[in-house]
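In the two assemblies presented below, chain A is common to both, partnered first by chain B and then by chain C.
Now for the complex of A and B:
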């Protein structure tokens, strides 16, 4: 069997089967189990390497051909697949606790499969098409059948669709740049096209306005999943461009532009988050700031780009999952996530509130939590390159911290003599507690990520040199 | 020579269809214009791609039109939205289309000089569609018009991209993307029009 069949075709089929044949109450368990098994298979069986078990020799071949093009997952991709499907399993198991519709698990599996296909397809620039398809599949999750589509959803689909032509055309132009690297005009045009494509895909300032809108109008759990899945794969896609084209990697102007985009995102998102009165929108701004940090990491003039980027990506999945699950629990009580509606809920939903606040603090880079080690690594690299940039990043993260304290203040602002109670279900409390423990583990002993991080640079050979 | 004349005629069709889609407020005319656009696109695409691949694009496009049309037909009880700008809005639309035409006329020969072999007709048709698609997206938040704008813009891109990339996989993925956009449009059009009793069914 080949790797693309296992990690692309099987989840695609499983997603479709869950949608049509699995009862709602079992879909989270089945989907989570499928993702867990796929993560375990990726961990145990190396791709394209013969494994001898007793007298049985097993080898997962690396590639498969579709319409004359290769879909290829190599040995180095194995670690990435463990992370992707491991985090996806976490999201799918969480759906039971979040109380959202069962098609989240089925469509979620299909989305993850399509996004995995985006890292497997060759030439890799075709990934833009697969990312667009995944973005379209998110729409039924964002807009339930009974709800009119809001402006955020419309803008989301517009921006994601606009990204695709820019990236495909830039990819074609880049082949011309490779053929004649001295052509400054062509290089500039290709760079601009590529930049526009990724600006739309990642929601770079000012194209991120759909994210806080979704935070307000869509289910927090679906929004959280979207904000984890799409940027994660887009960043991997972008790293592929950096790795493949020397001139992008070595151009100081481009590196400066990438850093500037990242800094503006972190600073603006942090400052906007500090003034919000809706905790769904605050999560959106925190995700934007995190994406800004990822972009900043990609713009570092350092051999540590891959390590720092993945150091950010792994906790991001956990932070957003915990935060989104906490918000889902709160939303079932409060309906709206406005400050006025959630006042004093800490006494009714203590576990959910603790989880939300800790996930929020983690995304601000609070010590002892999962977000701290990657931010420390970024500070270390940034401080040696530009103190001005470091200051603006600090300001952005300070804005996020202010919004965390404001949220906490609203949650504990209960009427006097209101009794403490525990209204989360056992599943919700259990999932949130596991998530919070995970946040502390990644913060206190970040070495647990080392087995994964040590192998990931092999994915991007040139970037790691 | 005859092929060139037919190609210019297709560019004229594209311009007429774009104008109709942009100016008209009747969804039937808009979808008919989209169908005409797909036919013209089919012709321009087959200048660079095999007939079968062009035909696949045409069939996909018409499937999208059918999906959107059937959905919109089932929502016929909805009131037609009045153009808030009225007659002046139509003139504004015509001026915008004229700007796109002028930009196309100016840019097409330059693009032909940068990428020789594409053909002026292909570039002109592509730029017209991209331009009108973007105008659509910039001026409206109406779901159907947004989807029409995206499809128009994508169609314009496909015409030019077909000239530089002939991969079957890409053609297939672009077809799926078009079809997906059509289905997303249909879904968004119907969302919110069903009974609110479905709320309970959506929750576990």
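Now for the complex of A and C:
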């Protein structure tokens, strides 16, 4: 069996089967189990390497041809698949606690499969098409049946669709750049096209305004999943570009532009978050700031780009999952996530509130929590390059911290004599507690990620040199 | 390894108490377990002296190319006095617990012991990364504990504000780290860059409520004696320890006099409010601010030993006073040893303070010190409003005083043995002037109305003057909020897509112009 069949076709089929044949109450368990098994298979069986079990020899071949296009997952991709399907399993298991319909699990599996295909497809420019398909599949999740899509959803699909032609066009121009590397004009145009494409895909300032809008109008859990999945794969896609084209990697202008885009995202998202009064929107701004940090990491003039980027990506999945699940629990009670509606809820939903606040603090880089080590690594690299850039990033994260304090204050400001009670279900409390423990583990012993991180530089050989 | 042993003793004892509380809630030996653990921990900290200085590092975070400094702890002449003070405080809290009206195993005993362990980790932290982690643990512990104990929106908000200011202090330490890295220093306490020094003082000052002056602690908390005292003092010690690591080269900055002036304002304000507080528990936040400000002043004058001395005085003299809940004339008089400890007279606990000249600021520092000492005398000799041991078993009549005596003995002991600040003659002229002024204030307190205690409900966290400063900043924040809302409304409104495309084109045209 080939790797693309296992990690692309099987989840695609499983997603479709869950949608049509699995009852809603079981979909989370089935979807989560499928993702877990895929992660375990990726961890145990190396791709393209024969594994001898007793007299049985097992080898997962690396590639498969579909309509003349090659889908290839190599040995180095194994670690990436463990991370992707491991985090996806976390999201799917959490679905039951969040109380959203089984469409999430089925479409979620299909989305993850398509996004996995985006890192496997060759020529790799086709990834833009697969990412677009995944973005379109998110729409049924974001818009409840028989309802008109909100403004945020429309903007989301407009921007994701606009990204595709820019990237395809840039790819076409890049072949010209490879043929005549001395053509500065063509190189600049190709760079600008590529930049525009990724600006739309990643939601660079000011193209990110759909994110807080979604945070307000869509289900927090679906929004969280979207904010985890799309940027994660887009970043991997972007790292592929950086790794493949030497002139992108070595251009100080482009590196400066990437850093500038990242800094503006972190600073603006943090400062905007500090003045918000809707916790769904605040999660959106935190995700924007996190994406800004990822972009900033990609712009570092350092051999540690891959390490820093994946150090950010792994906790991001956990933070957003915990945060989104907590918001889903709160939203069942409060309907709107405005500050005026959630006041004093800490005494009714202590576990959900603790999870929300810790996930939020983690994304600000609060010590002890999962987000702290990657931010420390960024400071380490960034401070030696530019103190001004470091200051703006610091300011952005401070803005996020202020929004965390305001959220906490609103949650705990219960009226006098309000007793503490516990209104989360056992499964909600269990999932949130596991997530919170995970945040602390990644914050205190980030070396638990090292077995994965140590193998990832092999994916991007040039970037790690 | 000895550091780990001491901390483990605290943590294991706390765990044992929790297990006892759950499975044997009526076990009568729980208190013995608690006291036994605290005694062992104190003894183990004294054993440190045999090996000091020594350290321990945990396995480094990976990848090591990104995380240069491992989590590490070090016991030396500056951290040991804090460690012994914290251990003594925890033991004293356990010993004096016998005087509490409800004397049963509770989670507060386990909490006190766990805080003791965390406190030891904080004061022995060997680099800012380690200190940041321990600070965060302490802050979260305090936040959860306070939120569980207060009621009403206003009190809950105060708790969050206190947590916020401490977290911002941690942020300043992180910023000092960034500055250090930018100047090429490997940010540990041995090689801190001079540019980071003032940020370290500001970080500690912000966490303590000294720079700028604010009251980080809620005065309305139900956590009064016992656990409340450990929470206040261990949290303060964890911040004060940073002052001992400030490099003297960083104090030549032009900002130093400004910080010095702010610290003196905080010390004087704290001293004044402490002197006039209706009782010691209502005045405790001012005691912490006042003594912490004196520690900051010492650090700003380049005297790290003085900073440690004031930190230990805060814990030991304050601990004796705040744990003393029973009316006992003999103990009240014994507590006046604390006056000697605060006097900076030769061979006292604080004799190492003011070794460096304070120049123009000296008279103000003397005044602040005298106010705090006079307030201590007033509260130590205050006769009313305390519990009695009458209803307690006979053995408690011996155990309870031993807790207070322990704190007093430790003050004297630290003045004489074991660390860099011991057996010092010090700035005796300064000490004499402060002592004379203290005597004058003690004499004047009952005679002049302005020095009389204020009523409890008048003791507010901030005066109107300070409130107006914070209102100014709040106004700036609100204006910024309006500006950001206007930008957001534009970008998310009907014309938002056009605006965003316009911005993008501008951005790209700027970048392509910069390209060769």
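In the analysis below, the second predicted complex is superposed on the first by the 464 of 465 C-alpha atoms of A that agree within 3 Å, B and C clash if a C-alpha of one lies under 4 Å from a C-alpha of the other, contacts with A are read in each partner's own complex, and residues count from 1 in each chain.
FYI, contacts are C-beta pairs under 8 Å (C-beta built on N, C-alpha and C of every residue); 3 or more make two chains touch, one makes a residue touch a chain.
Keep in mind that this is a model prediction, so the values were computed, not measured.
Participant: Is the arrangement of chain B and chain C around the shared chain A a clash or a fit after superposition?
Facilitator: fit
Participant: Give one of first, second, both or neither to describe whether A:158 is in contact with chain B, with chain C, with both, or with none.
Facilitator: So A:158 meets both chain B and chain C here.
Participant: Quick one: classify A:272 as touching chain B (first), chain C (second), both or neither.
Facilitator: It touches chain C, and chain B stays clear.
Participant: Looking at A:96, would you say it contacts chain B, chain C, both, or neither? Reply first, second, both or neither.
Facilitator: Touch status of A:96: first partner only.
Participant: Between chain B and chain C, whom does A:376 touch in the aligned arrangement: first, second, both, or neither?
Facilitator: It touches chain C, and chain B stays clear.
Participant: Answer with first, second, both or neither: which of chain B and chain C does A:253 touch in the superposed model?
Facilitator: Only chain C is touched by A:253; chain B is not.
Participant: Based on the superposed arrangement, let me know which partner A:172 touches: chain B (first), chain C (second), both, or neither?
Facilitator: first
Participant: Using the superposition on chain A described above, determine whether A:408 touches chain B (first), chain C (second), both, or neither.
Facilitator: In the superposition, A:408 contacts chain C only.
Participant: Can you report the vertex angle at chain A, computed from the C-alpha centres of the three chains with chain B and chain C as the arms, to the nearest 10 degrees?
Facilitator: It is 140 degrees after superposition, to the nearest 10.
Participant: Shortest C-alpha to C-alpha distance from chain B to chain C once the two structures are superposed, in angstrom?
Facilitator: 6
Participant: Common interface residues of chain A with chain B and chain C?
Facilitator: The answer is residues 151, 158 of chain A.
Participant: Can you name the residues of chain B that touch chain A in the complex?
Facilitator: By the definition above, chain B touches chain A via 137, 141, 143, 146, 150, 153-154, 157, 160-161, 164-165, 167-170, 172-174, 176-177, 180-181, 183-184, 187-188, 190-192, 194-196, 198-199, 202-204.
Participant: Where on chain A does chain C make contact in their complex?
Facilitator: By the definition above, chain A touches chain C via 151, 155, 158, 184, 188, 191-192, 195-196, 199, 205-207, 209, 212-213, 253, 256-257, 261, 271-272, 274-275, 304, 307-308, 311, 344, 346, 365-369, 373, 376-377, 379-381, 383-384, 387, 390, 394, 398, 401-402, 405, 408-409, 412-417, 420, 444-447, 449-450, 453-454.
Participant: Which of the residues in chain A end up touching chain B in this complex?
Facilitator: 24-25, 66-69, 96, 99-102, 126, 129-130, 132-133, 136-137, 139-140, 143-149, 151, 153-154, 157-158, 161-162, 164-165, 168-169, 172
Participant: Once bound in the complex, which stretches of chain C touch chain A?
Facilitator: 59-63, 65-68, 129, 132-133, 135-137, 140, 147-148, 151-153, 156-157, 159-161, 163-164, 167-168, 170-171, 174-175, 177-179, 181-182, 184, 477, 480-481, 484-485, 487-488, 491-492, 496-497, 499-500, 503-504, 507-508, 511-512, 514-516
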